[in-house]
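Structures for review follow.
There are two complexes below, and they share subunit A, which is joined by subunit B in the first and by subunit C in the second.
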Partner chain A sequence: MKKYILIRVLRSVLSILAVTSIAYLLIFEFVPRNRVFENDGMYAKISNRPDQLPLYVNSKFEELGYLIYKPQDELCRDVYGANTADYTMCQDTTSSLFKSAKATYEAKGFIFYTIEQTGYIYATKEIPVLERLLGFYSRMIVIDHPNVIQDEGNPNLERKIYIGQNWDKSSYALMCSGCEHKYLVYLDWSFPFVHQNVVSLYFGRSLPTFYGIPTFQVLTQDQGTNVLKPVTFPTGVVTDSGVMEYTCSYKSSLDSLETTKFNDNYANCSLNRNAPSMMGTSFIFGILALIFSYLISIPLGMYMASHKGKAIDKAGMAYIVFVIAVPALAYIYLFRYIGSTLFQLPESFPSLGPNNMLSYIMPTISLALPSVAGLLMWTRRYMVDQNTADYVKFARSKGLSEWQIYLKHILRNAIIPIAHGLPGAIIGAIGGAIITERIYAIPGMGKMLNDSIRVFNNNMVITLTFIFTSLAILSVLLGDLLITRIDPRIILDDKKKGKRKNVKR
Partner chain B sequence: MSSANEKFQFVKIDEFASEHISAPHYSYWKSVFKQFFKSKLAIAMLFMAVIIFAIAMIQPLFSNYNPLASPDISDFSIRFNRPNLTYWFGTDHWGNSLFDAVWSGARTSITIALLATSINMTVGITVGAIWGYNKKLDKYLLEIYNVIANVPFLLVALMLIYVLGPGFWQLIFVLCMTEWLSIAYFIRTQVMIIRDREYNLVSRTLGTSSTRMISRNILPFLTSVIVTLLSREIPSIISTEAFLSFLGVGLPPSITSLGKLISIYITYYGTYPYLFWIPVAVLASVSVSFYIVGQTFADASDPKTHR
Partner chain C sequence: MERKVILSARDVVVKFRVRDRVLTAIRKVSLDLYEGETLAIVGESGSGKTVLTKTFTGMLENNGFIAGGKIFFEDQDLVQIKNNKAWEKIRGSKIATVFQDPMSSLNPIRTIGTQITEVIIKHQKKNRKEAREIAIDLMDKVGIPNAADRFNEYPFQYSGGMRQRIVIAIALACRPKILICDEPTTALDVTIQAQILELIKNLQKEFGFTTIYITHDLGVVANVAQRVAVMYAGQIVEYGTSHEIFYSPKHPYTWALLSSLPQLGIKGERLYSIPGTPPSLFYEVKGDAFAQRNPYAMNIDFEEEPPFFMITESHFAKTWLLDPRAPRVECPKAIRDLHATIVKIYGKEAL
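Now for the complex of A and B:
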């Protein structure tokens, strides 16, 4: 079994890598590069300046990882070093120094271009797409360690990992000097209570929206407005501030205000905001919808089965048909309309904001609608089928009440397919989130996917594809492992005698 | 004793009656239609589906609706007219008749749904039948299926349409790209269930070729399953197409569809609700009528329901 789990985990990782790689190759090979500039104000401004446009375009392409771009001065600096006499000489493109530099770069495969108007020279080299893909994966997992910071202005930076106290001396943490982050592992009162900054993911930088911020950070940093509260800084100064001490990372030079507050270089702190991150928002809705749909559909499905053919059963079946037949776009708007006119619930998430319970009701219901239909159908079907099984007849002949039979006997068996439906529900919730978040204007990952597709934010699209695919594939894996825990009769291993249970979702 | 025997008489053998087979005449398709027309709801829905289909296919030929042109844009008196006798569905913010727009959109949506569904079903059933029948192929196709089925369809569709760019045929390609695989998987499971039944075993022993086994022995058995699948596939494609167009990634500006109309008129959701709700209602009617007709037909095509 252990070997089987290992193989399954490996296979899941392979699936994630396969999907992400295909997405990466497709996006960088087939999406025309110039589409990035469609919503770019800067590009529009200089589009009639042939002397500046190529420089701007190529520097953007370099940021996006399409090519290596070397303008004239950077070329000279790389060969002769900054602020040397040779460097100054090299700036003259007719000089022999420049020509030799050009020759070395041409040997490396660079292609040289001259801007007609100014005579300025730059060189570019395309990066093959497979090399970019390898680079993408090699940079993906970032591990923080005491040798990360290499700051020429601070050669005496201490390099150690130690256990220390936080700013107001209320708790202990695993801290570091020389790492990117000051706090490696720390405790606080928010879920999941133990947090870490050691391992993080990097998928490239977001362009053109959220300009230059790493995409993963865009998804995980808190949103909303800054909240001020009294903070005790390391130097003992107490002021109202919005910084979160656990997020502080290295900053090479501090300004005068910062030197009064910090006694080391870890002064680059994120701000404490009042709304959860995009990822957090999506997770809150996903979990709420999952709980809601199971809470509604299992009791209702049981009730329908026990009143088969009655009005409630027919109403439930009508609802299932409704969800399958009516397009999601139509019924989500219909429910939103009902919610806003009959119950005065907000029509969009931002109107009351993330800190008001009422904002969560309608989106959660919308997100749960399809999975309720699926689960309801399953539970009812299973209950009806099992009603005539021998063990149920026996239980009935013992004189047990119908509810005891349903709860203690049938549900025990029905829980297996229901538990196996859990990953399906999560996959459904991801797809649903793209629709629901857009309709209710929820600032989550589903809306972000749509927004980034609109502005051709390639790195963000890949990041979100990776996250959604991983969630989906891992939830299927967990669903399979969960049913073996619940029901020991199921053996997933193909090689043993047991048959792999192909529960249809 | 003799008096009792005298009451019986010998009857002549009736050649005609002894040759007659007493089972009633049975025709499969006749029974299917008989069963189908028993349901009043199905007849009503079939009527609705036919009317919607006919209007959607014919009306745009006469209206010449073009989403890029707004001929009455300068006439302010025909903006935001509520539904009336001249403009049955009212007019929009540029003075275009919503009636023309909706049927032009419905035409695109229905065409896309039918095209994509027929491609998906043809490819899916063919591959699924071979997949279920051929044990060697199973290992490889199952691996591919396990990867693709675990990724949300909407995510794949969004990603592909992003890569390919907007366009009618691009959209069809995206809607077909992965969907056929789940149909094939479904058919594969069904084929595997009946593949080794006795009548197929006998047939194979008698030397029936694989193609004939699949096309004559197995697929006819699955008629009702396939029709059920079909009736779910059409609403699902319509829904996905509507959503992709709603997000503004599916079709180019020159082609309209119901999802696109909904995304344009969502701005007038509060002020001119008819602009929003009429396309939504048409979208829902198309999808529901196709679904109910399909479901009833699927039930009727199961010989067990024939009496």
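Now for the complex of A and C:
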């Protein structure tokens, strides 16, 4: 059993890596790299300045990870060190010092270019896409430890892990000096109550939107406006502030205001905002839609089955056919129109904001609609089938009441296919989110994917691909494991190389 | 022999709505069931055996309804029962049913134990612990070895024969007065069949219930039943003691049915099968329903439905051949030799 689960988990991880790698290769090999500049104002401004354009373009490409870019002075600095006499002499491109630096780099595979107008020299080296992919994975999991911070300006930084208290001394936490984060493991009242900063994911930085912020952070940091409340800082200063102590990370130099509040270098803190992160927003909608669709379709499907052929059944079938036949985009717009004209519900999420319940109604309904149709059809058919199943007939002939038959026999057995269908529902909710979030302008991952594709925020697209794939694959795994818990006929057998063994019925 | 009638059906008519049409599956069937006996109901597929017994427990499908007649059981007319609540008091506790397929009669994802105890808890108002004891005792009685250990196992861990034993245990859990066995052994292999028959017989001796046994297998009938009713196209066409049905059957349909017994087939010869097909149940049948396929049919058979003719106190047949005006017809030779054949196959004790 354990071995089976292990193998399944490994296989799931492999699948996630495979999908992500394919996405990575496709994006970085086949999307022309120049398209990143399509929405770039800076690029437009200097596009008729041949002396500056190549420098800008190559520094961008380096940021995006396509190549290594060495402008003239960086070449010299790398070889001779900053602020040395050799470094200064090297700036003269006719000098022998520069020639030897050039030779070193040419040996490494760099190609040199000269800008005609100014005589400025720079070198670039393409990074093979497979190497970049490996680099991407090797940097993906970041583990925080006391030797992470290497700050020349702070040689006496203490390196230790210890147990300490938070600012208002209300709780204990596992803390660190020398790590990126000050708080490694801490408790608070938000789900899942125990939080950690030790292991984090890194998928590169977001460009050009959310410029320079790691993509994963873009997705997980709170959005909205700053919420202020009185905070007692480590130095004892009390002011209204939005700083969240547990997010604080290392900052090499503090400004004068910060030095009054902090007694160490961990002053780079996130602010407490009033709207959930993109990921949080998407999860809220996904879960609301999932609950909503099951809550509607299972009772309704049962009702339709027991009133087969009656008006309610026919109305339900008409709805199912409508939702299946009409493209999602069309009926989401239609429902939004109905919601806004008949019930005065907001047409877009930001108009009332995330803290107003009304904002959630129409998007949740839109997101749930397609899965309601599928589930409804399935429940109805299942119930009709079950009513003629032999064991249900036998249960009836035993004299059990209809209620008992429903609860103990039909519904219980329905959990198996429902559990199996759950992953599909989750995947459906993700897929639906991409459309729904765009239509309602919901600041979630689905909208982010749309936006990122439009502006060629490649790292973000890959990050989102990774997250969506992981969700889909893990939910399939979860569904399968769930079934083994419910259905006694499925035995996970260690001996048979972890294959699922279906005992003959 | 004066015996108490436990269930009595009078002129029962059952119809089904199929799309916009109505078919009549049971056409005025009357039947008396005596306390403690085993009555076998035989007949071709589609003759209405299952439908008839379903009316005794109110288990007709939603498109079916009883269009006429009465069914008396314990001072009430079962035909008048309309709601499920009232049926729940009868089903399982007074009239229980064992279906054909033990593989699918049990819920695959609930333990054997809970499926037995749920009826005991429901009908006998016992608590979980008492029910468990009764259930284990029952499992013992139906021949499950190590019953206590196997109480918490699931149906898939049981063989087909064992599962049918469990189904029987469930049916008998509340000591019903009547047990309806609808082809209980058809899905099982021959040796298991014999064991299950033996089991039902022994349990009947112990518990004293009345059995209705639906089967295609006349060998089974010879083995277990005291009385036999032969059904054709929604009617009982002949009934009597097993002895009478096997020794001196009177209805040409019974002759045909007996002649097609696989056990009577002679090696190398083609087994007799009844030519033609039964009449469509969608139309009213004129005359004798069997007339079209009956080699002994007379003109009257196509004109008028025959009444029941009494042969003995217990033996009745619904055929014009028994009318004093009809020509004397000798029954086929295979039938006359039937007794000897049965004794040869099943031994002296049979019949």
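We take it that the second predicted complex is superposed on the first by the 484 of 505 C-alpha atoms of A that agree within 3 Å, B and C clash if a C-alpha of one lies under 4 Å from a C-alpha of the other, contacts with A are read in each partner's own complex, and residues count from 1 in each chain.
In this text, a residue touches a chain if its C-beta (ideal position, glycine included) is under 8 Å from a C-beta of that chain, and two chains touch if they have at least 3 such contacts.
None of the values given here were measured: they were computed from a predicted structure.
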item: Touched partner set for A:Val9, first subunit B, second subunit C, both or neither; value: neither
item: Subunit B versus subunit C as contact partner of A:Val19, first or second or both or neither; value: first
item: First (subunit B), second (subunit C), both or neither touched by A:Phe468; value: first
item: Partner chain in contact with A:Ile143 - subunit B first, subunit C second, else both or neither; value: neither
item: Which superposed partner A:Leu134 touches (first subunit B, second subunit C, both, neither); value: neither
item: Subunit B versus subunit C as contact partner of A:Arg412, first or second or both or neither; value: second
item: Partner chain(s) touched by A:Gln404 [first = subunit B, second = subunit C, both, neither]; value: second
item: Touching partner for A:Leu187 - first (subunit B), second (subunit C), both, neither; value: neither
item: Overlapping contact positions on subunit A, where the subunit C interface meets the subunit B interface; value: 504
item: Contact set on subunit B toward subunit A in their complex; value: 146-147, 150-155, 158-160, 162-165, 189, 232, 235, 238-239, 242-243, 246-249, 259, 262, 276, 280-281, 283-284, 287-288, 291-292, 295
item: Interfacial residue positions of subunit A with respect to subunit C in the complex; value: 388-391, 393-402, 404, 408-409, 412-413, 416, 486-489, 503-505
item: Parts of subunit A lying in touch with subunit B, wherever the complex brings them together; value: 11, 15, 18-19, 23, 26-27, 30-32, 321, 324-331, 333-334, 427-428, 430-431, 434-435, 438, 449-450, 453-454, 461, 465, 468-469, 472-473, 476, 502, 504
item: Residue ranges of subunit C touching subunit A (in the complex, touch as defined); value: 57, 59, 61, 84-85, 87-93, 96-97, 99, 101, 103-110, 118-119, 122-123, 154, 156-157, 167, 170-171, 174
